[in-house]
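Think of it as A, B and C in the order they're written, each chain with its own count starting at 1.
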Amino acid sequence: MSMITVSWGDPMVRGRLAAIRQRAPFIYGVTNYVAATLSANVLLAIGAAPAIGTAPGWPGAFGRSAAAVWINTAALMSTSSHDIVHVASCAHEAGVPWVLDPVAFGAGSAEYDRIVMRLLDCAPAVIRGNASELMALAGADGGGRGVETAHGSHDAVRHIQTLSSESGAVVAVSGATDYIASGATIFAIKGGDVRLTRVTGAGCALGALIAAFLPVSDTAAEAACAAHATYAEAAGRVKTVGTGSFGVGLLDELSVLAGLQ
Amino acid sequence: MSMITVSWGDPMVRGRLAAIRQRAPFIYGVTNYVAATLSANVLLAIGAAPAIGTAPGWPGAFGRSAAAVWINTAALMSTSSHDIVHVASCAHEAGVPWVLDPVAFGAGSAEYDRIVMRLLDCAPAVIRGNASELMALAGADGGGRGVETAHGSHDAVRHIQTLSSESGAVVAVSGATDYIASGATIFAIKGGDVRLTRVTGAGCALGALIAAFLPVSDTAAEAACAAHATYAEAAGRVKTVGTGSFGVGLLDELSVLAGLQ
Amino acid sequence: MSMITVSWGDPMVRGRLAAIRQRAPFIYGVTNYVAATLSANVLLAIGAAPAIGTAPGWPGAFGRSAAAVWINTAALMSTSSHDIVHVASCAHEAGVPWVLDPVAFGAGSAEYDRIVMRLLDCAPAVIRGNASELMALAGADGGGRGVETAHGSHDAVRHIQTLSSESGAVVAVSGATDYIASGATIFAIKGGDVRLTRVTGAGCALGALIAAFLPVSDTAAEAACAAHATYAEAAGRVKTVGTGSFGVGLLDELSVLAGLQ
């Protein structure tokens, strides 16, 4: 398997981040309330303009007018399946690229999983998640427990290649090393910090970050790679002690990378 | 146009903040889940006693018994329009002063905008928002994009005078300089920090803060001025680097100003 | 009244915390969106694996498969009473121990209070709250105002003994000193920091923490004592200034105590 390594050192990554700050793209998110605040703050830290939530009329208005959209299916804890599917449909029909984060897919609720599957019909540009979720979405046994993975990201590599080829989406799995499949091609992003797994919503916020890179990138693969590399660089720069300070430091370093501190 | 400058240096501002700490007023909020945590923490930092959300029976019970109420209409992402209007009606009928924050008004959803307009019938004491939202509410073209403004606060000055005169509410617009209209009279509050626009819910939390000042102030204009001046002072004192630390530091400085650190 | 003092110095407390890190129990929570993020972060800081929210099918699937559950009834602000009762029923039937946090019980909504009372039929292992809430649940006049207590924890001691004896649950009241009743036996946990009352959701997160200790403890009383002692120790170690930094420091110190910094 050939693998292409991507990192913050690549001029493409820095160029895309600079473009976000310059253009301040409007990024619309449908996500869960545990992760919503961090996701919005990650986008604000790099200069994007986020709006979150399905207040009356927002799914259609914002789903069509945003520069990109992200949908975190755990939003179903306080959003109807109708609203979530409506956002995806509006984005798809309007040609707005969007990111699917199938949180807890395969963790035990067939009802939930069916709603997630319906979203695949709306052609997400990128699908991101942990190994268990993406393995389950590719038809394998993911073994996920709640929102936690039972596998390392390396276990998921061939499954995300399958899922990418079948769905047409770029597929990104988070872990000690992040892997991104664009069809059979695999990109690898190293770095980051294990404390990313100890801050709730840190994975969800990465889905929002990918969405922010979509309107300033030439391809969905480039957007996913640039977002993961930026996130890993910011996480790796946090030198404080403790998981609380880590979450704060992650935002600080993102804003410093973007020149918005 | 005559303009009255207000700042933390005014004894009125410090006196009102001290009164909040002394009386610990019960402040009830209906807000969105992206901003709810920060709003509650801002109120706790200065010694108020917040409760948030429309659990069964709370709209009536808390809408009538609170010392003041704030309603952030983005709450509609997880609250019914019935519950929101019920809170406003109960507060209005009970003589409880309340703050309206019409988040994303005029940004594209006519259905959402109609619900916001219904709240104006319940006579908010203060309306606060960004320039685009308040210009749209005053009948002009605000040009807002999601929850972001397309105009500077100065562009909104004459519109908030109009809105204040027509609605009878004090109207406050946030920006590089904050302006507060009480009929034709304009108050200006300088200072703050541009990073306030890079922390999600920082504007929403200011709506909560204004509510906390209402029960300890002689007029709604005084409450709005004192809240904005306190917020700007706290923001201006934060000397850390990065948008994450800025959000934490804002709470720290508020609690220090209130003597509750 | 005989009282047994428990603190971080007890090997039992440290042993239980080490067991959480080792086993990473899956802890399922139904809670309100103001407190959800902090609760998840408290659990992640000590090595537990939390999932929060009632997305379709999650109440049954996670209520039965979790190692323990916590239910914070302020979840009713965005969760149906049916879903909340369903989680409690599934946990009860599956023998999964669970924690009840009756936020704002007795504060003025009879409709809300009736839903909370129905949950008592599902035999919570632990009930935790502030003095006003638990006094009201024991049939006394709690005098609570929103989510705030009108009494010190000491006032509640005989009431939590009554409530524990009648319900069969361990009952824990937070305050300057925390008291835990297991029938007539009372445990006392000193320490902590008054700033815990100035961070929204800090009490709610303690309910989540107790749930994490349940699957690694011999009794519910042991779990409640170990959770309170760990929380008080972490809070007491935070030496920063301001309520914002205190919330961040609380997570840092918890992760340091667990060896996960």
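The rule is simple: a residue touches a chain if its C-beta (ideal position, glycine included) is under 8 Å from a C-beta of that chain, and two chains touch if they have at least 3 such contacts.
Composition by chain, UniProt nomenclature: A, B, C = Hydroxyethylthiazole kinase.
If you're wondering where the values come from, they're calculated on a predicted model, not measured in any experiment.
Enquirer: Looking at the contacts, which chains touch subunit A and subunit B alike?
Expert: C
Enquirer: At the interface of subunit A with subunit C, does the proportion of residue numbers present on both copies reach over half, so same, or stay under half, so different?
Expert: different
Enquirer: On Cα atoms, by how many degrees is subunit B rotated relative to subunit C, nearest 5?
Expert: It works out to 120 degrees.
Enquirer: Just how far, in Å, is the C-alpha centre of subunit C from the one of subunit A?
Expert: 32
Enquirer: Mind pulling the subunit B residues that touch 2 or more other chains?
Expert: 33, 37, 78, 247-248
Enquirer: Subunit B touches which residues of subunit C in the complex?
Expert: 32-35, 37-38, 73-74, 76-78, 81, 104, 107-112, 115, 145-148, 197-201, 240-245, 247-248
Enquirer: Touching subunit B in the complex: which residues of subunit A?
Expert: Touch list, subunit A to subunit B: 24, 26, 28, 33, 36-37, 40-41, 44-45, 49-58, 60-62, 65-66, 78-79, 247-256, 260-261.
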